[in-house]
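Take a look at the structures listed below.
In what comes next, subunit A is part of two complexes: it sits with subunit B in the first one and with subunit C in the second one.
Right after this comes the complex of A and B.
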């Protein structure tokens, strides 16, 4: 290798993105090393009063919802025959696989005794527990997502027999993924049904499993729009579909987002009516609830609808951003903001900077790994050697 | 004021049924707003 090419290689490695990502990841690794050697107390503001914080609220609760794009779009394409969305299936499945992998890493960091992660399967006799169901479904769905991601890996490696085999399993894997996602997305909400005295009544509801499931579908659709926007800019040289086709995919997703958010809004209002919580809307907590419902559910719903109607891509992306922020806000509210709402202010939870850093590190890791996959494998395009299998 | 659980459920279920009816009607309008320009293309 010549001196010039060596310099090019170093320059290629030390891009602004890589430097910033590297600093974030090294910082996150140091914090996690401290966490695993000295315990949760040294790196988090968690306590016996507030055992679930940012790592559960974002890395697990929001992370699982935001990774729902994989099952949403693969079901739409392979089960409901919406073939026009096929170009976004692989990026969505890869995002889902990486998202669920990061959920597991975040969960390992948060568990007091992380080596007990497999206990639900081998020791605990708790098949009626929502946590058991979530553990089982997430483990199985992560495996399913991995298998659904392997066609791109096999095409990259040239393993035609394996590629054909996995291709023949597409429908089975999609059905399996849809069932598992329906179960654990809703059961993440069902876990809060044992907290009627801790979770504020505006967020607590017997309908919370349904609310979690519907909002996860909205989050998945919104994430496909945002991920498509970013990856089409970053990998525009790989993209095979025309700009018009890409826009139409986004307008279709905006239509889906509008319908799902409208349904979610109705379900949330019906939950208020069933528990007769109307009077709480005039309190301070009520104002915060209305911020979530109007600013991050109704507003993106209408923006999606207008974006689809007027064919406005920027508006669809704005609505997607609001939807993602809204689902994250909802999970934060349920996990720690409106949770333990009766305890004195001094005992309330606020995340430590180390918790925030680790969460940002996990997001950065997801972006870096996605970039690595997409730069090498047929994620954004169809591999020319496998025309019949796409 | 509710004196019994039956009072409470009668009230809340009644309100919920009315609300669901309103939402169904609103959804028809919303769907029309969402899709009416699709036929033009």
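Right after this comes the complex of A and C.
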């Protein structure tokens, strides 16, 4: 099976995909080499006014939300008995594991002294910090996701005893993942509760933890649809479920996406009402807020609902794309667009091309590693030797 | 509600043995007023002439390069500047002079908050609020996440972005080493206009109120830093609204740590409630599956029984029919034999 997938062996090494990915990754490595020899100033537009930019806004804030598919779908299947979604559990968990790994790599690029990453746990703890909780949860969850990915590795290597052991831990791992995800997805939002004068009131809310958590679930569902779309084309020969089964999974996910986005929209409206910020909607920032809320929350919500009703796969995918873009936009707004909104224009932040390149490199790295895994291991299909185990 | 929330966060921190300033409360309703007799500085912006002597003095006592623009260079006031890694304090002009209205300047530096947000959000607890008043930073544990820079409401923290080896957060220390020696902070000693006064914070508040009382036309009736986000060590007097000095004067008296970390008290509830709740959900779906299976089996058994009965009945019917057919055949045979016998008897 792996021989047919193309990027295995010498034959397919210089495919157009590999060449483009290689150029992007080499460029990213050069930029990071410059960053680690001359400091953050040479490769980023970060400043004393804007200490956090694209690498936090996308690589960490959006990255963690987009990697939420793993905990969402494994909870649905293993805890809530929605067994028909089992074919997408493994790709979602692998995407989650790779996503969180990239978050950590992105964070290492952004930290002033990345080699001190374990300091909060081994040197001196700052338990009053939301970031302390986030880093503890991300460290534990990355470990959890790794263990949840190992069944595919053990089946590939033929380690039956280990495969059975991890299989028996499924429920515990799923519960652990759901707890950790609820904690750090929401606390990422809570990190902004200390900045009421810096973050625009339309985005600042005492309920921002709940908003981050719910939007992360929407992002996770949307990412499963998009990731399934791409990998089902790339690995069509591996897929065991019928096209009808695959379509039905997508329609079900679309229904879930519609419900979650509707909930998110309602929660955002409640926050607006609680702080009585209706009058701000008529300002320029209000217009930008409405673009996010209507164009990237309400619109995909309705598209998802119609896609489910009309059984329209293309529409479900369009809605998923809008949802992902909307969550990224929300994290950008919170991190650097609506943040420091009172600061003079000349001191505002816009990412440098080198920051964008590194972020694109990280996404590319994720795709390359996913391909490497899926070409070798039983990700898209059930291993014939382990039919009843998972 | 906010008191109990803060209490939880505080006790969480105390449990980890980490927080120093403001954590020494046992009960959740107790209130820590701050260390008594701590120091502060009063910046009277109505006296500031924008000479920037404080900038130079600050650089000198902290062994940092002197500002590039010389004293008296008015071009530096064209832009609003902020503190940098080498300029821990800067003076900005917020209103140009007009007629007999003098220009208005404000000095920026770390405000040394009573409840510093930077200290609360630091995940390695690199900041300490000292009993003397200054907030100190320990570069030996700093990992360089810059959450403190992002969280500071006064834009007072700077970072060494051009240092790849050991970048540090750079900020005013209120000249802590000099205070320990009994000296005044560098800027307070350098100010030729008497716009910066160093002393015990409660005394400075008295001085500030006295000035407002004596010259009500000269001052806005507000001491900035007395209550804003639970107050700062640096206090400010102004003749124009503080908003025009880029300061948020009408903010809550609650500290940013109290507002900003209230959510952390919810987090332990997730850990404690989720396992039981999820076990419940799991048991619920399992039970539903089990009941559905039992129902299906019962229905199947019933159907099987009905089918059995039906086939039994059919069998019985068939047997009956066969019996009747046989009887009829026997009858026919008998009557046929009798008829034949009768024929034979007649012939």
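Throughout what follows, the second predicted complex is superposed on the first by the 379 of 390 C-alpha atoms of A that agree within 3 Å, B and C clash if a C-alpha of one lies under 4 Å from a C-alpha of the other, contacts with A are read in each partner's own complex, and residues count from 1 in each chain.
Methods note: a contact is a pair of C-beta atoms (placed from the backbone, for glycine too) under 8 Å apart; a residue touches a chain by one contact, two chains touch by 3 or more.
Since the model is a prediction, treat every value here as computed from it, not as a measurement.
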Subunit B versus subunit C as contact partner of A:266, first or second or both or neither: first
Subunit B versus subunit C as contact partner of A:113, first or second or both or neither: second
Touching partner for A:309 - first (subunit B), second (subunit C), both, neither: first
In the superposition, subunit B vs subunit C on subunit A residues touched: C
Which superposed partner A:287 touches (first subunit B, second subunit C, both, neither): neither
Contacts of A:276 with subunit B and subunit C, given as first, second, both or neither: first
Partner chain in contact with A:51 - subunit B first, subunit C second, else both or neither: second
Subunit B versus subunit C as contact partner of A:375, first or second or both or neither: neither
Intersection of the subunit A residues that touch subunit B with those that touch subunit C: none
Contact set on subunit A toward subunit C in their complex: 35-42, 44, 46-49, 51-52, 79-81, 110-114, 116-117, 119-120, 123-133, 135, 171, 175, 178-179, 182-183, 186-187, 190-191, 193-198, 206, 209, 344, 346-347
Complex interface listing, subunit C residues touching subunit A: 9, 12-13, 16, 18-19, 79-80, 82-85, 117, 119-126, 141-147, 149-151, 153, 155, 157-164, 166-167, 248, 251, 256-257, 259-264, 266-267, 270-271, 274-275, 278-279, 281-282, 285-286, 288-289
Residue ranges of subunit B touching subunit A (in the complex, touch as defined): 8, 11-13, 15-16, 19-20, 23, 27, 30-31, 33-37
Subunit B-touching residues of subunit A, taken from the complex the two chains share: 255, 258-259, 262, 266, 269-270, 273-276, 305, 308-309
